[in-house]
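Here subunit A shows up in two complexes: once beside subunit B, once beside subunit C.
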Partner chain A sequence: MTEQLDPRSEQITRRIRDSIERDDLPLSDDRSRMRYVMNNLVLHIHPSKVARPTLQFTYTWGLGGLAILLFTILVVSGVMLMFVYTPSPETAYNDMLALQTDVQFGQLVRNLHHWSGNLLVVVAFLHLLRVFFTGGFHPPREFNWVLGVLLLLLVVGANFTGYLLPWDQLAYWAVTVGSSLLTYIPLIGEGLSNLILGGPEVGAATLTNFYGLHIAIIPLAMMMLISFHIWRVRKDTLTIPRGADEPPADRVEKVTTIPHLVRIELVFALVMIALILLWASWVNAPLEAAANPDHSPNPAKAAWYFMGLQELLLHFHPFFAAIIIPGLGLTGLMMLPYLRFDQLTEGIWFRSSKGRRMALVGALTGLLVTPGLVILDEYFVDLPALLPSLPTLISNGWVPLAGLLLLLVIFYALTKRLFRATQDEARLSLFTLLVTAFIVLTIIGVAFRGEGMALMWPWEALA
Partner chain B sequence: MAQKTVISLLVVTIVGAFIIGLYDAVRPSLASDAAVEEPAQVAAVLPTATAEILVEPLATADALVDAAATTPLQQSLDNVGDTWTRDGVITVLDDFGMTLELSDGSSVYVELGPPSFWQAQNVPLMVDESVFVNGFSNGEQIHAATVLLPDGAQLTLRNETGQPLWSGGTGGGNVQGQSEPLTQVSPEDWVTFSGIISSVSNSTVTLKTSDGPMTVQLGQQRFWQDQGVTLAVGDEISVLGIWQSSQFQVAEITKTQTGERIMLRDPNNRPLWAGPGQNAQGSGNSGGQGQSNGGQGSSGGNGQGNGGNGQGNGNGYRGGRGSN
Partner chain C sequence: MSAQTEQPTQNLSRRDFLNVAWAATGALALAGTGAMTLSFLAPRVVEGKFGGIFTVGAVADFPPGSVTPFNEGRFYLVRLADGGFLALYRKCTHLGCAVPWDPAEGKFICPCHASAFENDGEVINAPAPRPLDRFPVSITDGILSVDTGEVIMRDHPSADEVVYEVS
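Our next item is the complex of A and B:
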């Protein structure tokens, strides 16, 4: 009787196992293999088959996947941190000290969270570059690019709000510097800053605000957006990699996701976890003296990923440095997939063999011109003094920006004329130039600015 | 079409800025230089006297800061405080002062004034050296007037009344009468703001005051940066200046925490970086040399005559810079 009512196996271990894994491991025939594949959770994330060329590691570099892995590590280690942390100026810093000294593996958990968070900023940015340089944003993937940009903003926002929580000098002043940028938004800037900080300056209310954003709002938003993003990748499928100047293949070979893709993902994830654990065991997350609102470190620097912006502030009127230029940059980034293209280049690294050279031209130009302009402005040109009758908003804002934009226009026109680049190749070159410039500015801000944000030469910076 | 419009806008901006720049450069008198013009012409006639008048009220720099709204600038000499005389051992030395360990074991910070001034006297101070300080204390800050070294060398920084010699000497009584036609700015116009710096560039500093953010112009970059005071985001500062139409012009910036100061304009709101004025150019252009003499001379204590003989109408600040 029982056998008819309950068709399950007689062994309890087997019954348990079957409840989790409904089908046997893939059999040799294609049909049962496919059934195994269809019934698997993995396939709610991946399609059942993927194009073989996309498995090539040097196409995606596993960066999107790595971002998901890091996000997972962040959630797990973050929840652990919540057990010991109270977001109040009286307790926060002591909690960090206690975590590092009294709690078993406390320092390791903190290190994991800290380094994964910083790495995620880098990885998300590199993933953006990978997608850009392989033309992964072309239709139908335009909107997924936009989702990606939003995700990048959330990653930075999560990092920024988390920066404050240890309530040490670094945290306090980086957030003071970073949030002061908001006040330059016309009309609403002051109000917005007050809203986010919970008052005119960083204090207890800021800490609770940031805590809420950091542990609930931003992670939830990220989870939703990541699901959306991955779902779109699944629906649109990944772009198929191909060689430069190679036409798109009519037919691509497809292989089952399990085991071909999952195997790679698993190995990659394990290797990365090992590396991150190793790093976190050896390198401690920084913790400085307790926050002291009366005494700022000199120089007071923002978090490293904002140093490009802080560097701009030294050269432009704050309204331009903090609002207009980043605003233009972000708008450009979001609109990029919606520009018309004149070549079908998706799946090709750097568009074409000429595109490769154009990327190099852009990178080299950015590498040489950016430090040049910084030095020029630092030591030789003082626009407000040369144009005393204009308000600085113009003389140190619009005028230098117009100059730079004009240079970019000229650069763009030159790449087309000199190298006979197509529109896509010229755009690629320009994008590379801007990205390089941003990275160079960030490096100058992080490494070559000393006391009072004075410029240091490399030999001084090293000394 | 849209492209052409944008590009034209950019080109127009650059060409326009260039033309305005040229115009600014050749225009004989700018609004902000109006105050400069007159004293400069008088200077041609009466070099010595003018120099002192221009500079005198700046004498006590503290004064400027405290002289918010109502206090006449000249009054606040007493701010340097009472005489203070001690000997001690230098434990820390920086550009603007030194920390002394006194015989009773306590430590105090003694202000020495602008590095360009005292370092030019070639009386090297060193950590671990014991020195004898004659100066003034107002309960908060200690200002050195003279620092005597064991080998007899002496740094001279202020006169008997506490007036800093780097500001160009002590104005005599005669100054009062003469300053009348020259003063463009009445003491009541001076106002002070304080707040926390939210951003600094080469030529502006933005601070958060209780009334909201405010951006002030620092004038010529090299001039203020040469004064050796660093401004960083997060520093609390107070700025003293006046409103000229809708522009706020700063005379002086003081860092609240350290008391360090950046001087930008004299009490007539004349920009110090503008130099001695057109007519004095001839004597001033011998460059750093001639100007540093100004600084040196005044260290000797004869602040009176020095302004005149160092350089046309050197105003102390130039002297300081030149010797740098």
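Our next item is the complex of A and C:
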């Protein structure tokens, strides 16, 4: 007769513990460590073993994980804020004041939420850049890139809807300007704007709508997409870093996820939580005077991540600045992994050693040409005045867009000719140029635009 | 063979028909739910607030060549030099900022992107793409009222938009 373990013969505490946690702790060998990863609800988003080279911090910079950490901080602090805030024009601003003066740790929780939300926009964008520059979008990972772009849009949407809730001047007019961009969509723009705002202007209905989107719709959509995104990473595994012009390794050393990966994740999370807490303790989230629909501030600026678009608005017909150019950019971003590539370069920073130089060429060109074009259009060239017989949709829309596209084509051809860059390296250079241009436009809009949206130095504009 | 030549068109099998019918029913239900959601979320007009009708005063209260703001109704009542009335929506046609009237300059100047408008709403200075929108004005027994429920967009101001007191 074989010995049969009757669970009833054991202590009740032991039986309860085993029903919750089936593995024996501490984990004594690799086999039990691997099994533990598979059995654990949270840890099973990881494989039981990971390739040792992917643990190198300077390869991923921990950006995806940091985004998840920030999302978690945002959910926790956001739910806390829901207990002390009522989304109505009569109460919202007073709730903000009470939050900062009456509620214990209210200012800190608000600061944590505010800064984590803004940092998440930056981190999600940097994560996109990291994946682009290490070729992480190559097959079979194309669709996960698309999911990532959708998540970035949701992050911006969450931030934008949250921007209104304090109901101060900053919130009211940033959302007015931001949502007015929608009205330039042909045919449906006006209706779409009316639906989202709950009327022709930002008002009580807008606050209700944005609150619902901010606390329920967008976070739920994000949770679903994040699960999908991580599940795909789990299925496809991380790309293996390798040196420039080095072929993919045949065999990669694998190590157990516990402790190698989990230890790095926990330490990084702790360090980041400490840094964010420190920042949130010292720097307060801004709160201006209560929203006043009768008085627009001068200048009225959108949220900082829309300032690149608002800067475009000063140079293009609104239909182009708000619809055509962002539409082209987003479509290009989504379709990027579906382009044909001569070779798959996943794991190599900047594709090749020449690619590294081509990225630098693109970045420097963007850094020099973008401010040049802004100054040229601001002070020297007035296209609608030069082409008075044409409607501004053409003279300030199709004409400058065609000019810019021509410049980009010339740049692309030149990089291929002058530097003998491959198609992939030239594309990398072009992408870097466009990203740099977008960042420069954002910086100009945030720091170099003052009263009446005139160009000025940051110490004048931000004074 | 012969059966196929006699009946070149393949009849829809019962299973295929039912599958299509189910899919169509599902699509219909989805469209219905979507339409219901949209109407549920549609903006509502609240009486006596912006979006309703405002009674603003007597004709004699407004001298010719004056611009009077009505903040609650989000509009300016403009009396042109010839005595005609216009109600202009104060929302800038560029990006929606509230456009203040500058009495010294004699024009509307937007603080956000420096668009400027004449007192009849016509654009003096881009980037505004069209004149200020207007609301219908009516005069009954010398009393003016403005209906803010109907935003009227226009490419250029025209003389027939101006309302005069019929005496």
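Just so we're on the same page, the second predicted complex is superposed on the first by the 423 of 463 C-alpha atoms of A that agree within 3 Å, B and C clash if a C-alpha of one lies under 4 Å from a C-alpha of the other, contacts with A are read in each partner's own complex, and residues count from 1 in each chain.
Simple rule for what comes next: a residue touches a chain if its C-beta (ideal position, glycine included) is under 8 Å from a C-beta of that chain, and two chains touch if they have at least 3 such contacts.
Quick caveat, the model's predicted, so the values are computed rather than measured.
Visitor: Clash or fit: subunit B against subunit C, after overlaying the two structures on subunit A?
Guide: On the superposed model, which is not a single observed complex, subunit B and subunit C clash.
Visitor: Could you say whether A:G199 touches subunit B, subunit C, both of them, or neither, answering first, second, both or neither?
Guide: Only subunit C; A:G199 stays clear of subunit B.
Visitor: For A:E10 in the superposed arrangement: first (subunit B), second (subunit C), both or neither?
Guide: In the superposed model, A:E10 contacts neither subunit B nor subunit C.
Visitor: One more residue to check, A:M453. First (subunit B), second (subunit C), both or neither?
Guide: After superposing on A, A:M453 lies in contact with both subunit B and subunit C.
Visitor: Return the chain, subunit B or subunit C, that is in touch with more residues of subunit A.
Guide: With both complexes superposed on chain A, more residues of subunit A are touched by B.
Visitor: Examine A:N298 and indicate which partner it touches, taking first as subunit B and second as subunit C; both and neither are also allowed.
Guide: In the superposition, A:N298 touches subunit B and subunit C alike.
Visitor: According to the stated criteria, A:E378 is in contact with first (subunit B), second (subunit C), both, or neither; which is it?
Guide: Only subunit B; A:E378 stays clear of subunit C.
Visitor: For A:D250, decide between first (touching subunit B), second (touching subunit C), both and neither.
Guide: Touch status of A:D250: no partner.
Visitor: For subunit B, sort through 2-10, 20-28 or 236-244 and name the stretch that clashes with subunit C after the overlay.
Guide: Stretch clashing with the third chain: 236-244.
Visitor: Shared contact residues on subunit A, subunit B side and subunit C side combined as an intersection?
Guide: 173, 176-177, 180, 183, 200-201, 294-300, 313-314, 317-318, 384, 392, 452-453
Visitor: Residue numbers of subunit A touching subunit C in their complex, please.
Guide: 173, 176-177, 179-181, 183, 194-195, 197-201, 203, 205, 209, 293-300, 313-314, 317-318, 384, 392, 452-453
Visitor: Enumerate the contact residues on subunit A facing subunit B in the complex.
Guide: 173, 176-177, 180, 183, 190, 200-201, 294-300, 313-318, 377-378, 382-390, 392, 395-396, 398-399, 402-403, 405-406, 409, 451-454
Visitor: Can you check the complex and tell me which residues of subunit B touch subunit A?
Guide: 7, 9-11, 13-14, 17, 20-21, 23-25, 30-32, 196, 198-204, 206, 208, 212-213, 215, 217, 219-221, 225, 230-235, 257
Visitor: Which residues of subunit C touch subunit A in the complex?
Guide: Contact set of subunit C toward subunit A: 38, 41-44, 50-51, 71, 74, 91, 94-98, 100, 110-114, 126-127, 129, 151.
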